[in-house]
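What follows is a pair of complexes built around chain A, which joins chain B in one and chain C in the other.
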Partner chain A sequence: MSEEELTFWEKLARIDRRVFYWILFIGLMIPFIHPIVFPIAISPSTRDLYEGIKEMVEPGDVVVMNIAFGVDAWPECMPAFAACTKLLIKEGAKIIFWGAYYDVDMTYQEVLRRCEDYFKNLKYGEDYVYLGYYPYQEAAVAQLAASIRSIFKTDNYGTPLDEIPMMKNVDKATDIKLVLSGDTGDVCDYYIRQWRIPYGTPVAEIGIAMLGSSYMPYYRSGVLFGMSVGVRGGAELEKLIGEPAEATIRMGAINISHILVVIAVILANIGYFASRRK
Partner chain B sequence: MPYPTAPADVFGLWVAWLLMLMIYSYPLYKENPVFRFAEHTYIGVMLAIMLVRTSITTTINMVAPPLMKGRLDYIIPIVLGFMMYFLLSARYRWISRYPIAVLVGAGFGLGMRGVLIPNILNQVISTITPPATGAGAVDWWNYIYIAIGTICAVMYFVLTWEHRGAMGYATRLGRWIIMIGLGAYFGNTVLFRMAMLSGRAQFFLQVLKIAPM
Partner chain C sequence: MAEVLRREVVYLITAIVTVIMFIEFFFVGTWNVAEELRTWATIIANISLGLGAVRLLSEHAKNIQKRRAGVWPFSIWLWIIFLITILSGLAGYVTTHDAMKNPLYNWLFRWPYTSLGQTLYAITGFYIFSAAYRAFRARNIDAALLLIAGCFVILTNAPIGGVIWGGIPVIGRWFLDYGQAPAMRCFLIVAAFGMLAYGFRALLGRERGFYGEVAGE
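Right, the complex of A and B next:
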């Protein structure tokens, strides 16, 4: 059938996907030039994460921030991860950072940069420590629960753990108040299986949107005490700690992209059904 | 973060910007040599970093110190690791099956110890526990929907009886529930991709100094 014989609706259904990609890419830029802020309601899972940290963490408690997302997932995970870091510092927690991604050093540096105002009053080794990268996923996570020193002899900069003041009496899962795992994959599963179940250490998830439906059963059954889902979770946490930042602006881009996707789905379906009727 | 001023940082920023455009030339235009160059560069660099990072972390930090202190048992995982490389030889490939068997067995055993409680016991308890006193209509709707949905979705996979009569209605409903679940999963996946794309759109503007760093 030639292009001239197609009806308007059939032409709609046959728009080149690249046209849509261009519209999407340009549409996503608008909120970064002119921020469009929509009201954000707090979901129960994010509220439980926020309140869980506030209720459980006492000044001086040691908390693990597990970095299991790479640089590519910064737009999704970093806002919530940074917001939780700020909240933990406000609560007086001592933080251990480590990660299961080979580019974890860059992510750790970015966390420090985003929470610069909070870290400037803290002392490395006394208030926070960075142990670096651990390979081998679940086996390593299980071993970390039994003995942190069996995986990390030193911190990322070569200082033996016994010489780091905040690590003096910290070596196993029972010495850790809670674990927050920033994920793009299934590393949080390992903390559930190797930390939460055998040792009872509370675990919460800071995941990409894709993991929302995967981890919801764990949250609903109380295995996870809270959960932040994607940029949306980040924006909610920013609202809860009273510091709107990147995720709040990014939600504008997400909303625009969703409106475009919904319009595209409607147009494609109208075109499809119109051509079927014909 | 202010816009970088050091020449090396500015150079790095523009290289990243150009490589990003080269990658996006595929969806926004079509397959082309520029895209392939960026794709191969990305994969090569990523694998190199991963190899060096994993090897250094493993060999130097985790294995070498105990070995130097006389812990000879650490030789076992090293030998098992090297046995993996027999995968590359058609004649001696059978040797690589031993470390794979150890890996699979250890992984399975390790995973199983924490599976039953969170994945089965807690899920059953969560499904059959009614909402607390004073719960709203939405909580009750969720409770009933999840309870019926779980039972019907599980029934869909019961293949020892033919899906007819009452069983047929339940399994049909179960299939719908599974489709709704997969739809939600797909929707979340789209959300994640959009967020990543928005990150690139932001970076595009930041390098051009249209949006703040």
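Right, the complex of A and C next:
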């Protein structure tokens, strides 16, 4: 059937994909030209993450921030990761950064940049340390729980761990107050299986939106004490710590794109049913 | 004979390691042998990264050598970028113990790599948009239910959903908490049983996929 012979309803059900690409492209520009701000409700999983950190972390406690997302997932994971870093510093925690992603160096540098005001009063080695990359596999995560020194002899810059003040009495999962894992994959599973279950170390997830459904059973059963889901989770955390930033701005784009998807689905179904009736 | 012996040794090692890891899980942190094995596993994983890089370079060297049509110019490009990245990173590490302090290495990661990575990731949004239009049709009652639940969850994740109607996030959250979480829990439990079965088969030498064999052959 040629394009001219199609009825209006049939055309509605067969819109060219390039039209959608242009609509989305133009739609996504609107919030950056004129910000669209709606109130953001806090989801229970994000609230539990925030309150869990506030309740559990005492000044001087050592916390692990696991970087298991690459630079491509910065827009989704980084706002929540940065907000949690700020919250941990406010609570007086000492932070160990390490990562299972080959570009972890970049992400660590970006965390430092985004939390610059917080880190300027901290001393490397006393308040935070960066141990670098470990291979992306469960055996390494299990061994980190048993002995950090068996995986990392030195920090990322070659200083032996025994010479780093905050690492003096820290070597096992039992020395760590909690783990926050920023993920695009399944690394948080490893921490659940190798840290949370055998040692009881509290674990929380900072993941891309897609992981929300994967980790929901763990959160609902209390295995994860909290969970931040995608850029929305980041915006909620920014609201909770009282510092609206990148994720809050990005919610404008989320609003536009999500409403466009729903409109497209409705149009497709109107066209589908109308052309079937005919 | 040698091949059979070689296979049997692999199965034997697999069985011993499986038993050690299985027992250690119940006596966590008390068995040095298990810890030692995990350290070996980590070292082997690190070596495999290097091995992977060597293999990648050798495959692309073959492409260049044979002038494989449509491929060899990209292979040359891969070699050039690989060498620049690894040499600049090593230079940074040798001089300052921090590869990121080398300006060239830092630039490669910060600008081309980060921008391209984020662009590729963002492009999927356009495909999802067009795919949702073409695939989300209420062709039957199951598809209609999926469609309705999907729309509520989409609008729950965007603050605009709550602005349109206060009930949208409530219903969307209900789908998330009581619809998908139990279903996902079923998948996880079934997968866990599957892993147990896989473990026992590996222990008994019946699971041979990791050795490049199909069980039963």
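We adopt the following convention: the second predicted complex is superposed on the first by the 277 of 278 C-alpha atoms of A that agree within 3 Å, B and C clash if a C-alpha of one lies under 4 Å from a C-alpha of the other, contacts with A are read in each partner's own complex, and residues count from 1 in each chain.
Note that in this section contacts are C-beta pairs under 8 Å (C-beta built on N, C-alpha and C of every residue); 3 or more make two chains touch, one makes a residue touch a chain.
Values in this document were obtained by computation on a predicted structure and should not be read as measured data.
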Contacts of A:113 with chain B and chain C, given as first, second, both or neither: first
Chain B versus chain C as contact partner of A:165, first or second or both or neither: neither
Touched partner set for A:33, first chain B, second chain C, both or neither: first
First (chain B), second (chain C), both or neither touched by A:200: neither
First (chain B), second (chain C), both or neither touched by A:24: both
Chain B versus chain C as contact partner of A:92, first or second or both or neither: neither
Which superposed partner A:60 touches (first chain B, second chain C, both, neither): neither
Which superposed partner A:153 touches (first chain B, second chain C, both, neither): first
First, second, both or neither for A:75, with chain B first and chain C second: both
Residues of chain A contacting chain B in one complex and chain C in the other: 21, 24-25, 72-75, 103, 134-135, 139, 142, 151, 198, 209, 212-214, 217, 220-221, 229-230, 232, 254, 257-258, 261
Interface residues, chain C side, partner chain A - complex: 25, 28-29, 35, 38-39, 41-42, 45-46, 49, 97-100, 109-110, 113-114, 117-118, 120-122, 125-126, 128-130, 132-134, 136-139, 147, 150-151, 154-155, 157-163, 169, 173, 176-177, 180-182, 184-185, 188
Contact footprint of chain B on chain A as seen in their complex: 18, 21-22, 24-25, 28-29, 32-33, 72-76, 102-103, 113, 132-136, 138-139, 142, 151, 153-154, 192-194, 196-198, 208-214, 217-218, 220-223, 229-232, 250, 253-254, 257-258, 261
Residue ranges of chain B touching chain A (in the complex, touch as defined): 1, 24, 27-29, 49-50, 53-54, 57-58, 61-62, 65, 106-107, 110-111, 113-115, 117-118, 122-123, 125-126, 181, 184-185, 188-192, 194-199, 201-202, 204-205, 210-211
Contacting residues of chain A [partner chain C, same complex]: 15, 17, 20-21, 24-25, 38-41, 43, 70-75, 103, 105-106, 109, 134-135, 137, 139-140, 142-143, 146-147, 150-151, 156-158, 172, 198-199, 209, 212-214, 216-217, 220-221, 229-230, 232, 251, 254-255, 257-262, 264-265, 267-269, 272-273
